[in-house]
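Each of the next two complexes has chain A plus one more chain, namely chain B in the first and chain C in the second.
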Partner chain A sequence: MTDPTVDDLTENRFRQLMRSPTVRAVASLAVVFLLGVAFNAEGAFFKWGTHRDMLRQVSVYGILSCGMTLVIITSGIDLSVGSLLGFTAVLFSILSIHQGLSPWLAIPLTLAAGTACGAISGALVARFLIQPFIATLAMMVFARGAAKFISGGQKVSTAVQAADGSYQYVEVPKVFDFINSAVLGDNITVVTILFLACVAVSWVILARLRWGRYLYAIGGNEEAARLSGVPVGRVKVFAYGLGGLFCALAGICQAAQELQGDPEAGVAYELSAIAIVVIGGTSLRGGRGSIWLTLLGTVIIGYLEKVLSINAVGEASRLMLTGLIIVLAVLFQKRQG
Partner chain B sequence: MPPENDENRLLLEMAGIGKQFSGVRVLEDVDFELAAGEVHVLAGENGAGKSTLVKVLAGVYDDYAGRIVLGGSPVRFGSPQEAREKGIAVIYQEISLVGGLSVADNLFLGRERTGRAGWLDRRSQESEARKILAGLGLELDVTLPVDHYSLGVRQMVEIGRALSVQARVIVMDEPTSSLAEPEVERLFELIGKLKARGCGIIYISHKMEEIYRLADRITVLRDGRRIATGKTAELPEDELVRLMVGREIVEQFPERRGLPGKVVLAMRNFSVPAAEGSSRLAVTDCSFELRAGEIVGLAGLQGSGNSELLHGLFGSYGRRVTGAVELGGRHFEVRSPAASIRAGLALLTSDRKATGSVGCLNVGWNVSLAALQKFSPRGWIDPAAERAAVRESLQKFRLKAASPGQSVDTLSGGNQQKALLARWQLTGPRVFLLDEPTRGVDVGVKHEIYEMMNRWTETGCAILLITSEMPELLAMSDRILVLSRGRIAAGFSRGEATQEKILHAAMAASPKAA
Partner chain C sequence: MKVYLTVALLAVSILAGGCSGGEKSGRGQEQAKKKWVIGMSQCNLGEPWRVQMNADVRAEAEKHPEIEVVYKDAQNDNLRQRSHVEEFVNSGIGLLIISPKEAAPLTQPVAEAFRAGIPVIVLDRRVLGEDYTCFIGADNKKIGRAAGKWIAQRLGGSGRVAELKGLMTSTPGQDRHSGFREGIEGTNVEVIFEADMQWLEPNARREMESALARFEKIDLVYAHNDPGAHGAWLAAKAAGREGEMVFVGIDALPQEGVVYVRQGILAASFEYPTGGREAILTALKILNGEPVPKEITLQSRVFTAQNVDSGGQWLKD
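On to the complex of A and B.
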């Protein structure tokens, strides 16, 4: 046996580098970006507006993914995020369009409702030891029902039915327009800024807060964490509650973008959120991962969708391709690990 | 093939074995041989390369240098299945049975017996399973799930599985680390039977008693090289230890230096139920006192309740326990691990992997986990304070981690244990509850842990110690309490305790082992 040669060493360094999940996520992003450059749809990909729109379109998913990341790090899962988005979108629309509540009241109320729903999921998991999959599946069904219940199964829009059955159009609340607008010289949408704020908040929680550290410890080895004095139950309620808060924020954004509260909104969004987290490289086994990975995952999915749509790939092919690419991305993550 | 000379028939020959992990050599030019009817002990410190050598043999790694000759013909296994088919059985430290499946299903896992049309032939499996286990002197209901049985029985089932594939070479990697005394006896008897049948056994252990009881030959590995191979009779214990560590270890146990002071922990009629809502007690009416600077050893057979006593006191079972506890002269109500840590208790559990380290987290986070509150009084972690405390702690424990950012999974067993001890020291406890603190740890680290225990008692801490290694119990305890079926059966001072007295007391009240 000879000493490792210089080639070996560089090879090792490359491998070591590729072992970092962040580097792998960035590599995936680069691949998708290069695809965009190659298939630029006659230069459409090089316009800033394309990128701004991509960010706007993916922001709602991104907000959901932030909460999903916190929950997945505890080695849990939250299937209720799509339904909670629908429920809170409807709730927010009723409060601000029909009830005419000021956004200063409607927003906190909606956020509180989302947080409460998330916390209930968390309590089912932590206190009654129901598996996260089952507990949040129940919440998913329940919240969809609640969305239909409070909306009477109708979309909650600016067309308000009066007592005599006729429709009257009310004005779109200003807050809807604001959330839907772009700022900084029309360069970035408010929704995107809200998404980035969620990323920042999640980062602070995971990197700087004691309870954030506890999320990792619980995901890595729950029993060891408990015996080290981690209040496992409360931390889980905290994680799912925060997830619910992010859902409510996503619901508000969704309502603003659609100018209505659709009780059917957010169907299957939980799957997109999980896909984003996984493509980013956060392990479903828990204990590992970071919010940066989820940010990268969000942008990867965003560009993927955008590249496919500017090249006018039909929805059917788009879905099939997306499925394929999720598998490839995850395989890529796995092979190196 | 006529067996010309059964005594010396060579079963296995490994020559010039080398193995690297991304450029780091873990095995270099190792020769090893095994004769039929022989127990060949592989000795060495943690990280000496014993497990890697075994994994090369078992087909876990196929990119090794050197050659393996099995029963006269050269082999090169591409997978564990291939090795198994050629008659090599490995019994790892961690039991690899599927808990929810029945004993019979486990014995035939991966090579189920099927009748026509591929249906499982349960009945033939079960009768065959009974036959195999009877050969080991084990009468079990093979239709019950494996979970139903004790660790010791599970280990025997695991061995039964190895035998049922007609293994010629059997590797046992610290098989007794989770067994109690009577079960160990049974295992040793079994090893005798296997030898008589002409099997060769490669045995890995850190326990001197076992090595000298079982071994025909001993091979010492150090830093991935073979240091020596010799007949057991020609390798006295101190020589073996010297070869393993590569330096002289003057005495195995340091002298106990603590001086008992005031009572720090007093328990009266302390009882722990066996399970939630169960009326059966795992610990019944235990009363004793523990003084500052004192180490009290808890002895007892497997299932005697001493582990449950520590867990019950620490709050692992919540408020389910009964009895009065005084800690530092004040009434202490058992509530939760978090409350116990605040009150100055620390519990090192016996199962490092399952209930100790958080494998995927880095060393630093593992060390600071239980004391995190100190570095985050308002919930915000002060990274500088945390880093400083962790670094100091790692130095104090001479923990050989490349960096605090390294994942704890990648550390050797001894260093993982040090990380956990560092975790508890950082909480500044008054009473350490240590459940098997030196399990699966090499001689050098053991010594360091003993020194650490001495230092703790010198600073006024008290220790409740559980250990299944008699010499350790006798050398480190100032007093020994023997538990039997959940009750304190006897107490001995340091001077009067002997191995015989302790075993006698431990077994006196207990029923014949099932």
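On to the complex of A and C.
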């Protein structure tokens, strides 16, 4: 047997580096970025407007993914995020457009409603010991029905139906215009800033708060956590409730951007949120992960969608490609063990 | 490792194929000859009528080698369509043709494109305000009125009608509804059931099933489009009641509505021309610096069992 050579040592260090999920996520982002450079649609990829718009488009998904990260770390799952987005989008539109409430009232009410729905899911999981998949599936179906109920099955928009069946247009509430706008010289959009704020709040919870550490403990080994004195039930309600809060914020952003509350909004968004978290590198098994991985995952998915969109790739190719990317991402994670 | 590489290669090849081949027309010809790039933003390709619209655009565009058309499908998502408009503006196209999903969410992006100096042709569904170059569409109110009058005549002045409506937040839905009501005004034709089936056949079928369950006798079904009428017919057929009533639709696509009339499924179908061809011809006028009117109204025909083989009958005002 010969002594290890310099080459052997260097290879080990590379392997060590690649074992870090953050490094792997950054590597994936680099690959997608290079794809954008390669397929740059006659220079469109090199304009700042493309990147600013990519961030705006992915922000709603990103906000949902922040809540999803917290829940997945507890080794749970939340299938209701898309429906809660639809429900809160409708609620916010009804409060702001039809009831004419000030945003100082409409926004907290909507956030509270989303948090309440999330907390109910959490209670079903924690108190009644229903599996997260089932509990949040039920909430997903229920919330979609609730959205259609409070909206009367119609989109809640600035087109208000008068008694004779004709439509009249009312003013768009100023808060909608604000959320819809870009700041800092038109270089970054308000929804992007809201998304980054959600990332920051999630970081504080996960890295600095005791209850954030409890989330990891529950995901790692729930029984051990319980025996160590972690209030498992309350922490779970906290996680799902916070997820609901993020859903409500996403719903508000969705309503503002569409200038309407669509009860059908958010269908299948939960799948995108889960894909973002997984591609970022957080394990579905729970107990590990971080919000930075989710941030990276969001930007990866955002760039992927953007590159396909600026190249006018049709829906068929886009769907097949997204499926393959998800498999690739998981294989990439698995390789490192 | 092998699996990993195979999946990666597959993904890259789909990406490469999609990016270079994909949704552009006129690529076969010399790059040097292309003077203008036209962006076509379609709200969805789930409706056969919109697939026909894109096909009509493509057919006319291929006759003019100096233009290249880039097609983007927003998959019925307002926010996606908005980002497509922004991408078109960013990539510096010469002209934008757009068929928006809904008026309110797309008005601002279209206005921004227009104010950035890109001529905009709005097809079929309107945006709010005046910030566009030209609107091309058939007169849905006129078609609705003609349908109402034809239905009143067919029912001999009185009858029970189920109305299956298209997306009521889009102008065609609103116009086909209000036009129809004007057409039956003053007669004893009664609308006993109405529902918003959002232009989609499965939805129309579900709504019709509700109607069939609620009402013992329905004389006629008026659907805002042919897929809707067909869905209603399927529901009636499943209940064994298709002989009890008459079905009327709108669109009259040659491979869809006209075929249904020939097969006896629809008693009448009112043509709603897609305007794809007119869009390209108008685009060429605009790009060549010629003036175009703000509104171009397309003419339409009605197809019934009597005249389907002779090319339908043009509607008069």
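Rule of thumb we're sticking to: the second predicted complex is superposed on the first by the 335 of 337 C-alpha atoms of A that agree within 3 Å, B and C clash if a C-alpha of one lies under 4 Å from a C-alpha of the other, contacts with A are read in each partner's own complex, and residues count from 1 in each chain.
Methods note: contacts are C-beta pairs under 8 Å (C-beta built on N, C-alpha and C of every residue); 3 or more make two chains touch, one makes a residue touch a chain.
It should be emphasised that the depicted structure is a prediction, and the values quoted were computed from it without experimental measurement.
The superposed arrangement places chain B and chain C next to each other on chain A without a clash.
Of the two partner chains placed by superposition, only chain C is touched by A:Q154; chain B is not. Using the contact criterion defined above for the overlaid structures, shared-chain residue A:A41 touches chain C, although it does not reach chain B. Of the two partner chains placed by superposition, A:K174 touches none, neither chain B nor chain C.
Looking at the shared chain after the overlay, A:R19 reaches neither chain B nor chain C.
By the touch criterion defined above, A:R127 lies against neither chain B nor chain C after alignment on the C-alpha atoms of chain A.
Judged by the touch definition given at the top, the superposed model places A:R288 against chain B, while chain C stays out of reach.
Taking Cα centres throughout, chain A sits at the apex of an angle toward chain B and chain C that amounts to 140 degrees, reported as a multiple of 10. Of the two partner chains placed by superposition, only chain B is touched by A:P231; chain C is not.
Greater residue coverage of chain A by touch, when chain B is weighed against chain C, goes to C. In the superposition on chain A, A:L321 makes contact with chain C only, while chain B stays out of contact range.
Look at A:L331: by the touch rule set out above, it reaches chain C but stays clear of chain B.
For the three-chain overlay built from the shared chain A, the minimum Cα spacing from chain B to chain C equals 18 Å. Residue ranges of chain C in contact with chain A, taken from their complex: 3-4, 7-8, 10-11, 14-19, 22-24, 45, 70-73, 75, 78-80, 82-84, 86-87, 90-91, 102, 104-105, 108, 128, 168-169, 174, 177-178, 196.
Interface of chain A with chain C (complex): residues 35, 39, 41-44, 47, 49-50, 53, 56-57, 153-155, 157-159, 165-167, 169, 172, 180, 254, 257-260, 307-315, 317-318, 320-321, 324-325, 327-328, 331-332, 335.
Note for the complex: chain A touches chain B at residues 1, 4, 8-9, 12, 15, 208-211, 213-214, 216-217, 220-221, 223-231, 287-288.
Touching chain A in their complex are the following residues of chain B: 18, 20, 22-23, 25, 28, 65, 314, 316, 336-338, 340-342, 347, 349, 354-361, 365, 369-370, 372-373, 376, 379-381, 383, 423.
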